[in-house]
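Structure in structure tokens, see below.
Each chain carries a letter (A, B, C, D, E and F) given by its place in the written order, and its residues are counted from 1.
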Amino acid sequence: MSEFLLTTADLSCERDGRMLFSDLHITLSAGECLQVMGPNGSGKSTLLRCVAGLFPDFDGTVDAQPALYLGHKLGISLLLSAEENLRWYQGLAGQAAPVAEVLERVGMAGYERVVCQRLSAGQQRRVGLARLLICNSPLWLLDEPLTALDEAGHRLVTGLITDHLASGGGAFCATHLPLSVPQAGTLELGMSN
Amino acid sequence: MSEFLLTTADLSCERDGRMLFSDLHITLSAGECLQVMGPNGSGKSTLLRCVAGLFPDFDGTVDAQPALYLGHKLGISLLLSAEENLRWYQGLAGQAAPVAEVLERVGMAGYERVVCQRLSAGQQRRVGLARLLICNSPLWLLDEPLTALDEAGHRLVTGLITDHLASGGGAFCATHLPLSVPQAGTLELGMSN
Amino acid sequence: MGMIAVPTATSAPRLFWSQFQRELVSVVRSKEEALNPLLFLFLAISLFALGAGGDPEVLQNIAPAIIWVLVLLANMMSLEGLFRRDYEDGTLEQLILLAEPGFVPVLAKIAAQWCVSGLAMTLLAPIAGLILFLPSTVLPTLMITLLLGTPALSLLGAVGAALTVGLRRGGVLLAILVLPLYVPVLIFGSSAVIQHMDGIGTQAQIYWLLAITMISITLAPFLVHAALKISVEQ
Amino acid sequence: MGMIAVPTATSAPRLFWSQFQRELVSVVRSKEEALNPLLFLFLAISLFALGAGGDPEVLQNIAPAIIWVLVLLANMMSLEGLFRRDYEDGTLEQLILLAEPGFVPVLAKIAAQWCVSGLAMTLLAPIAGLILFLPSTVLPTLMITLLLGTPALSLLGAVGAALTVGLRRGGVLLAILVLPLYVPVLIFGSSAVIQHMDGIGTQAQIYWLLAITMISITLAPFLVHAALKISVEQ
Amino acid sequence: MTLKTLWHRLGSPRWFYQISRPWIYVLGILALVLLVTGTVWGLVFAPMDYQQHDSFRIMYVHVPAAMVAQSAYIVMGFAGVLLLVWRMKLADMVLATVVPFGMSMTVFALVTGAVWGKPTWGAWWVWDARTTSMLVLLFLYFGLYALRQAIARPEAAARACAVLAVVGMINIPIIKYSVNFALTLHQKASFTLTEAPSMPPEMWLPLALNVLGVYCLFGANLLSRLRLEILRRERGTQWVRDLVLSGSA
Amino acid sequence: MHPKRRNRLFSVLFLFAGAGISVAFVLVALNENINLFYPPDKVVGGGAPVDTQIRAGGMVLEGSIARVGEALDVQFVLTDYQGSQFPVIYSGILPDLFGEGQGVLVQGRLGADGLFRAHQVLAKHDENYMPPELADLKGLKNE
């Protein structure tokens, strides 16, 4: 096991004829959080997908520990309830964290059995966040985790990340609002043009 | 034409057995902006849909000038380009505002002909915002207009609203981050529980 | 303080045309919709020919029924997508909120759907007939009945599609709602072709088809508009 | 500083079962998927009976072909939705990223789809046969061929569905990709029924169906998994 | 060169580009000579059949086309496996370049078969196992073509096509063995590895020449299109730039 | 065993078992002949349904071809050379290969009178090709 949770070397990516980023050298060790910032369309989501293994058309190398990706698409089936969704993730990732507790932590106590389609935008995001606690991966890849969340939700996200860093994990986030977590570095994209 | 852009009386709404808001008396005159705030699931989106005429299961009365609603769903066809989407809105609302200028204003110059599916999340939202300038309605109903936008995007939204207020329009916004526009009042939902 | 112009209502023909164009562009973008009904028709017909072991006599007798049923099904399936995409990306609610009179763009959507399903299938029906060994003398009757019957299918079907667009379980419900409405068209259409094959006149059926289509053109746009309004309200 | 446990791989049978359950729950939630193939089959069959004017002899000869073709089409249409919803809400990419071995949940999804399409249609096929005046003596053959053939349809079709799930023009492409793969099943299946009606043995066809199904069970899960991986990568 | 180094080299388009050049000429010239001799011999000089008379001469074009159409598909199936398992770049290019050739040969076999069927069987087309499975082969080629067009990203398109190519391999044994089912009107194989051909040498020799010729044509076509594809895909690399600048591409 | 390795083993076993079973079924299937038509003994022995669309096959009996009535009507007898034979009547253009001793497939209806009314006649030919001279030498008929 390498000492880094994530290393990239010479990472470049072109999309629709525009160079989004080039020659990125990123390293992320346990306990660190890296915030990717940049204007709309600068390639933050693309970079996260490259790291997650969901976008293979890049040049350079990516070497990452098992990662958990939370993107613009939540990964929550709207037909199922919050509880059912999380149970399914337990089945996939083999963890037995208690679902009820996790839902309570993300502020969804009382909505465990509501079909996700009938939740508000922010509530759906919270169910998505609950995945982070169920699938216990060392590396978190979060694409705009604050979207649709209220102020308590912002605090929740920073809290989750801080705890994760403290227990030896790492986080790689694309955000527009800076997150106030310890050990956070920033990477600016889209500054070249 | 009444002197108010929007008035509601005794507005109450219950969803899934939870009372979201009750006995709301709202008035909004030309040149005013009302910000609806509240935690996730408190009923902001529902309130906006009641006003827009997209959610009829409420008690009380709503009396609104022709309104333009921009919700969680953008109202942008992903199969069409930004330009094609806006032209369609022109056909619907009968305005002949120059599409190219409008797209430039929302920062999408250079992306006019790209099919919206190939735009980033924030870029899609910007196309949605462009609708505000095409369909020239006095009352804007905006549900979390800052979602997915970068800092420049935040400034863009406040700028758009300020200009709209200055020209005699009104805006009714659900937001989590307070918008710094003049003449803005706030309405807090979800404080009862 | 300036004055904001209240949106002026566009003239109905312009509204129709703008919507019609948009539909055609969407169709070109996702060729799926344009080709789906046609492709479905021809693939299913070849499968029938295969499944029946290519026996001309067996196929010929059932050919009018096969073609008409497949046209019905193809049309119904293409209707499912008519409002769904617009519903999902939120343009449908905007259409309902902004268009005035609202039934005009609705009619334009249905017209565009008919062009890529009913009309296209009518034009290519002779080929379908020949694959199934239908005598070439009845092909004109086949085409005329399809031309007169398919608009009714699109219009009636659109009512069902509008009612079910917001529901997850749309598919089944649509079929249950729509197919009973289709049955008269099917019966008049296919019996006209069969009777022509048997050498009997087909006037009566053709007038019936005309009547059904006229009544649907008159009523359906309003019903569809009302149904769409119900569907987006949630 | 604490240590984070690397996700431990679940055992394959548990993985299968967890996914299978989830599919069934989804099916119950959106009854659409559960009922669609069956409903399609019966509505279309009734339409055929109506369109043919209910002539028993005409229908009987073509009945095996009608049933088999409709089963094919129903299955293909239900496959279209197999991965689409998961693709749209992002659960598909999570499945591909997290499940190990990835083909197991894929197999579970296909199995669940087969239960609500192939299996359900097999069980109700006798009714379909009777509606089309198929002699009751051949109904067992009809059921056996369907039971052996439909798993292959679901498995082979899933490859096509997985390849096209990310594409806007999925429908047409799916048909082009999948129907050729279906043809052998159709031929063996319907010819077995026809031959039984004619009093000829059907052993060979049944063994062929078995062979096709076995080879698809073996290969399809891996191919579907590879295809899904390609589809989510964008 | 050990097998292992050969394997690694095959993964390198550049190496392939350099060694393949002479082979195009060898195969191309061979193809020309064999096809011209075989065709003229078969169509003009070979004796006619006692039953089918002159219509049997269609064999000299039908059989080679039918055989190479299947072989082309088999090549794609193997390329598909190579691509999916070992991510070999060259395999992807093979997949992309074979489709048009295979598709046209399939069409050719179908058309010549239909032309031959009318006088001998009494029908242009019958829905039997051989003809149907051949039609399925054509649809598979269509599918491969359409899939490549539909997927915007070339890497994704390549792997998607590989999956389809592998699945479609099921069809090949069906084509081959379909004539052993009793119903097919299509004749059984005249040539097998274990028995002498069921026709005299002056009839089968021209056929053999044509079959060899069409395989050479396939090879030449594949190589030349592959080289073009290699240049197109590697146009960003240094060696291609050098090659183009030196004017010897 | 490490779970990942166990899973990989599981996959490989799955592949092998599946492939083995499939091959076995193909072999069995190839041994069974697919008979898609009625041979003469079935037609004569009442094994074939009367007055429905069927296919039948056999060899054209030598000397049985007769033109009847109008120019295109032809009647002939199909036999299996094992003692079963039945008459066929057909109106239309015959394939070139149609001739005495030739294998043909007919599609049509068997009447209660035992006469088969065909609406399609297809000729089956075998994999043997030879020049006319050679055929003469071998005593095969050269039309």
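Note that in this section a residue touches a chain if its C-beta (ideal position, glycine included) is under 8 Å from a C-beta of that chain, and two chains touch if they have at least 3 such contacts.
This one's a predicted model, so the numbers in the text were calculated from it and none came from an experiment.
Asker: So if I look at the partners of subunit B and the partners of subunit D, which chains show up in both lists?
Answerer: In this structure, the chains that contact subunit D and also subunit B are A, C.
Asker: Along touching chains only, what is the step distance from subunit B to subunit C?
Answerer: Counted as steps through touching chains, the separation is 1.
Asker: Looking at mean CA positions, which chain is nearest the middle of everything shown?
Answerer: D
Asker: I want to compare two interfaces, C-E and E-F. Which one has more contacting C-beta pairs?
Answerer: E-F
Asker: Could you please state the distance in Å, as a whole number, between where the Cα atoms of subunit A are centred and where those of subunit C are centred?
Answerer: The computed centroid separation for subunit A versus subunit C comes out at 45 Å.
Asker: Distance from the CA centroid of subunit A to that of subunit E, rounded to the nearest Å?
Answerer: Computed from C-alpha means, the inter-chain centre distance equals 48 Å.
Asker: Taking the mean of the C-alpha atoms as each chain's centre, how many Å separate subunit B from subunit F?
Answerer: Each chain's C-alpha centroid was found; their separation is 73 Å.
Asker: Give the residues of subunit C touching no fewer than two other chains, as numbers and ranges.
Answerer: 29-30, 50, 53, 55, 58, 168, in rising order.
Asker: Indicate the residues of subunit A shared as contacts by at least two other chains.
Answerer: Subunit A, residues with two or more chain partners: 56, 79.
Asker: Can you tell me which residues of subunit F touch two or more of the remaining chains?
Answerer: 26, 33-36, 53, 120 - these are the residues of subunit F that touch more than one other chain.
Asker: Touching pairs of chains, which are they?
Answerer: The list of touching pairs comes to A-B, A-D, A-E, B-C, C-D, C-E, C-F, D-E, D-F, E-F.
Asker: Can you check the complex and tell me which residues of subunit C touch subunit D?
Answerer: 29-33, 35-36, 39-40, 43-44, 47-48, 50-53, 55, 58-59, 61-62, 64-66, 68-69, 72-73, 77, 168-173, 175-176, 179, 182-183, 186-187, 190-191, 194
Asker: Residues of subunit E touching subunit A in their complex?
Answerer: Touching subunit A: residues 153, 155 of subunit E.
Asker: In their shared complex, at which residues does subunit C touch subunit E?
Answerer: Touching subunit E from subunit C are residues 49-50, 53-54.
Asker: Would you tell me which residues of subunit B are touching subunit A in their complex?
Answerer: For subunit B paired with subunit A, touching residues are 16, 38-41, 45, 72, 107, 111, 114, 118-123, 125-126, 144, 147-153, 176.
Asker: Looking at the complex, which residues from subunit F come into contact with subunit D?
Answerer: Listed in rising order, the residues of subunit F that touch subunit D are 3-4, 6-8, 10-11, 14-15, 17-19, 21-23, 25-26, 28-29, 32-36, 38, 42, 47-49, 52-54.
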